[in-house]
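Each of the next two complexes has chain A plus one more chain, namely chain B in the first and chain C in the second.
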Partner chain A sequence: MKNKAEEFVIGLEIHLALNTKSKLFCGCSTNISGVEPNSLCCPTCLGLPGSKPRVNKRAIDFGIMVAKALNCEINPRMFFSRKSYFYPDMPKNFQISQYELPLAKGGYLKISEKKIGIRRIQIEEDPGRLIHVGGDITSAEYVLVDYNRSGIPLLEIVTEPDFTSTGEVKEFLSKLSMILQYLGAYDPKKEASMRIDANISMGGGRVEVKNITGFKAVESALSYEIIRQRNIMRRGGKVVRETRHFDPVSNTTRSLRAKEMEEDYGFILDTDLAEVAIDEKWIKDLENKIPELPDERVRRFVEEYKISERNAKVIVYTDKAFADFFEKCCEIYDKPTQVANWMVTDLLKSLNYNKISIDESEVEPEGFVEILKMIDEGKISGRIGKELVKRYVASGKNPREIVEEEDLTVLRGREELEEVVKKVLKENKNAVEDYRKGNKKAIEFLIGKALAKTGGRADPKLLREILLEFLK
Partner chain B sequence: MKYKELSVKEFLDEVKEGNIDLEDFISEVIEEIKRINESFNYFVYISEEQAIAQAENIKKRIKKGENGGRLLGLPISVKDCICCEGIPSRAGSKILEGYIPPFDSTAVRKIKEEGGIIIGKTSQDEFGFGSFCTNVGIGFKIPKNPFDPERSTGGSSGGAAGITASLNYPHIALAESTGGSISCPASFCGCVGLTPTYGRVSRYGLIDFANSLDKIGPIGKRVYDCALLLSVIAGEDNMDQTTIKQGEEDYTKYLKEEKDEVKIGIPKEYFGEGVDERISKLILNVVGSVEGMEYEECSLPYTKYGVPTYYLIALSEASTNLAKFCGMRYGLHLPLKGDFNEYFSNVRSEGLGDEAKRRIILGTFARMKGYRDRYYIKAMKIRTMIINDFKKAFKKYDVLITPTMPILPPKFDELSKLELIQMYMLDLCTNPPNVAGIPHISIPCGKIEGLPIGMQIMADHMEERKVLVVARKFEKELNLSG
Partner chain C sequence: MINKEIVRHVAELARLKLSEEEIEKYSEQFEHILEAFKILDEVDTEDVEPSFHPLEIKNVFREDEVESGLSQEKALLNTKHKEKGYFKGPRIV
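Here is the complex of A and B:
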């Protein structure tokens, strides 16, 4: 039973790498994956004495769009601040972040039937990346630093402690990620592009869990932490206020440091960067550029294509490319319900099985629709259709070609099928007996057997006809 | 050709005419500054090789008939905190031992583009932390006043002012002021020091002291020299977002202007307590002696908050700027021992001088939780009031005139007897215009006990023109330097 004292709330600090071409305060490229360490750096992102930051306007544009999509109030005067602490991944030993005058405040994002409050949204620079050699953060022999990541623009989104289950967290993050993708502000495929710190408060203690990368890890981290804290409470202990580190290998958290007091970062304004005045016009221009967002798209799919809300949600929230795929299919094939059903069942299952997304696969709307058309034409059976989806996803080979080459078309030769039926009746005497005794359902079993014998190619209608005749 | 005693203007004309062998000239200048440096410590680094290479280069250019460039062949010294590509730039600190910037500061780049020759890096208080150039970094030598080696050059641009006064060759110094570091040494060494409006000159390539206060500016023998160098280094720069949008401007042309009526305000707070009466009297006499100058007493009531406001903001910012010096990526390195925290602490303990440590601690304190509202935030608010104080005065007056420093250039042993707070209070005339970011100049206006006295002329933001016109008028009338 859930004990009242064991109830918890969760708040998140989400760091998302903004999808800009260059870094936040210099011209270095943000395409850092697979690049030689410390090769995409300049005096500014290395913090060399004498260097100066200059802000990338595109990052602010993205920030404004996200803030608007999350119903936030945008600060007309934005300023960057210095957050001071010493750490080897920080070239200046302060991070250019925001404090008194962040980009935006006070918004929300709706999940299911609940609003999750957004406390603030701010823009900041990413530090470099530490590589622990010969161990992890507590046991490494030594540490290497790669500053390629230093200066990548991050959007920090701080929520209110409004989550009461890990399911809510998951739903929120996938929705948030989706919105940012729609805005073009975020590319989930980029390395470590979503990092999360979670605050879990149970029984008065507040624990911050750091180093959670990607929203799949959030579930593991939170589940572990909730059980850990619950066990402490059950043993009559008290959850201490501390910062813990998530280890994605063991899916556990471990204590980094006790948090007796709030950390003091000694924030001051970064006066190397002038105040950024964000006026109505700037916001309006960007608002006009905000595309249709996921929730609106679900609504439109239901209205325009008359598909079920459930299917529309699955299609839209799988990912943006998946929803785009649906619309492209509907352009060339006039049966949206059919497309939707096949997409949310067979197509999605095969993609997941192969662990790829639709845009990573070689599946094209034309080929996919071809399968549905062949079923419509009666050229192939539904069962072969399912098989084709699987093979199309796995190999990328055009379905119609597969059908032609392997002769998978529906068997309609009456004589041929009669032979099959004869064999089935011989091999399944019990079922025949049952049928004759009045169990009419036994015919379905026999049809199934006959279908299997033809490798799914037989026309089920014809099979039924022949069977009924033979059983008379 | 005799190079000595040429003014900057005469020298530049001679170069254009092809009358000067630049390699020969630069070698002679380098020899001379080496000689001076042996006893006066104005340079922390003399860039002999680079200077000669630059001279050769320009010589070739001139031979090809390319004699453009507003500073063609002119020796320029650069304060150590301003980065020059390939030349050690340490801001006078041991902790930056071995740091050789891979880039030129914007000001230096512009100087080079105009044909100026970088002769070396001048000494300063470590990171600019001082008004007397006595807080030099560990292992650095204290520069001595050219009028009396027992006395201070003033600071923090002590080397810049010292060499400007001592060198009998055409030369201009590139200096920097956070709270008075151009005016003060210019005053003590009998030079002209111009601190431009904050944002007039790009700070790109300046090793930061306090980002909202730092200003790069010239120190020269004459007003003309400062106007010339300002014309070269001023301008909007996309590498420094705090630079102000402005057109190309030739500040030297204003010096010919004859402004008939100049309205001068004499703020009484700069002539009262803490100011040597002889200095007050001298300044007032000078102002009264020149015709066409209409002056009256005025009041800037927020003056008394100038020093504390300045120190709180400057040290808060400085304590974050100095955090990056930890022996990890550049500068002083030590054998690895302990975890990163211990290593950083060791490097900072060994690499930073006492005043730097003191200012880091004070600045960190002023921005700590529970104190930042009372100190840092409050200082930021008072800063606005100080600016308004000036704005109001400039509605009525073209310029304000005050002493630059409230005392004569002090002897080193006098300084060592002063309490810290007494030392900081000596910035009472120079801190307010620096906090406000308004342009100001210090020009020599006479001597007391054989020591030079500086007069400070301030004008509203972006009104360098007024500062220069008035400064030139005094310079001419007083016939102080030709």
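Here is the complex of A and C:
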């Protein structure tokens, strides 16, 4: 049972790797996955003395676009600041971030009828990647450092503590990730491209959980932390204010030694970097480049294709490629409702089963539409259609070819079906009796049996016709 | 007022190990330094725009283009603390 004292609020700090080609302050490539450690570095991102940062304009552009999409107010003058701390992930002993005058503030993002406030958005450099050797973060003998990641531009988005359930957090993050993908500012496939710190406040205590990477981990981390805090309160204890570290292997959080308070970071403006003045024209030019965003796309799908809002939402919020797939199908096949229904049920189910996204699969709009067309033509039954979707997703083999090769076309020979029906009636005397006693639903059972006997190839309408005749 | 506690805290943030005599000495010196800077408080800045940067330059950017950097070997050249292409460092917490 949940009582009032156990109510909680959650606020997030989300770090997203911006999808630039080069790093924030130097020309090193951001394409770091699968390369040798410390092979994409230069004096600047290694923090060598005398090196100077040079701002990547595209990172600022992306920041402005995201800030606009999240209804934020953009500061006309922004500056970079140095955040001093002594971890080996930042070799110059400070991280270039923002503090006094960040990129933007005061926005919101709407999720199911609720607005989540955005407190601020800032641009900063990613630290290097640490590998803890001989233990975990608190017990390792030493750390190995890879500075390939150091200097990749991050957008830090800080929300108000407006979340009251983990479901809301999930919805918010998926929507945010989707918007950034539409803006081209973010690629979720890049490793560790979304990292989250969460603040959970219950009964007055505020706990910050760090090191949460990606969507799924958020849910585990928050669920664990909420239960942990609730248990403390039920035992009559008090939740202490502290920072905890999420361990994705055990799905638990653990206390970290008290870290520095904000004033201990000794923020100072970075005099190596000039002011960034953002005027109306710059913002307008970028606004013109903002493409149709997910919510608008849902609305357009409902209006233009007359599909249900529910289907439109599922299609758009599955991922961008999935929504593009829908539109491509509609270009070559004039029945959007059919396309939508098949996509949100059978296609999505098969993709999920195979744990792939539409663009990772070999499914093409042409092949998918072929299945629907074959059903329209009466060439195959709906049941075979479902089977074909499964096999198309799993193998990538053209559905029409499968049908030709394996002879899956609808059985139309009335005599052949009559034979099947006769057998079914003989084998299911109970159902026949039920039907005759007035249980008309029994016929569905018999149709099912007959369909199964034909391997799903019979036309159910024809089967019903024959059955009705025989049962008279 | 500067006391030993503040000096200890600042030393810890800067990862400096100070002896008791040094803490004593710096407490006094900190006090003098702050005293000296107090002169700035006497300047009337009522109608003066805040200054964030010594130079009045703005919007100095680089285009988003990849440039070549250092090889792994060169990146690790100046350290003896290395292993399998990584830098070695102390545990962080």
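By our rule, the second predicted complex is superposed on the first by the 464 of 472 C-alpha atoms of A that agree within 3 Å, B and C clash if a C-alpha of one lies under 4 Å from a C-alpha of the other, contacts with A are read in each partner's own complex, and residues count from 1 in each chain.
Everything that follows uses one rule, which is that a contact is a pair of C-beta atoms (placed from the backbone, for glycine too) under 8 Å apart; a residue touches a chain by one contact, two chains touch by 3 or more.
This one's a predicted model, so the numbers in the text were calculated from it and none came from an experiment.
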item: First, second, both or neither for A:Glu401, with chain B first and chain C second; value: neither
item: Touched partner set for A:Phe267, first chain B, second chain C, both or neither; value: first
item: Which superposed partner A:Val55 touches (first chain B, second chain C, both, neither); value: both
item: Contacts of A:Glu275 with chain B and chain C, given as first, second, both or neither; value: second
item: Comparison of chain B and chain C by chain A residues contacted; value: C
item: Which of chain B and chain C A:Ser39 touches, first, second, both or neither; value: second
item: Partner chain in contact with A:Thr138 - chain B first, chain C second, else both or neither; value: second
item: Contacts of A:Leu130 with chain B and chain C, given as first, second, both or neither; value: second
item: Touching partner for A:Arg82 - first (chain B), second (chain C), both, neither; value: first
item: Touching both chain C and chain B, counted on chain A across the two superposed complexes; value: 43, 46, 54-55, 84, 86-88, 91, 264, 266, 269, 271, 274
item: Residues of chain A defined as touching chain C within the complex; value: 20-22, 26-29, 36-43, 45-46, 54-60, 77, 79, 84, 86-89, 91, 101, 130-132, 135, 137-147, 256-257, 259-260, 264, 266, 269, 271, 274-277
item: Of all residues in chain B, those that touch chain A in their complex; value: 82-83, 89, 91, 96, 99, 101-103, 105, 203-208, 211-212, 238-242, 316-317, 319-320, 323-326, 328-331, 340-341, 344, 364, 367-369, 372, 376, 380
item: Parts of chain C lying in touch with chain A, wherever the complex brings them together; value: 13, 15, 52-55, 57-72, 75-76, 83-93
item: Chain A - residues contacting chain B, complex; value: 43, 46-55, 82, 84, 86-88, 91-94, 262, 264, 266-274
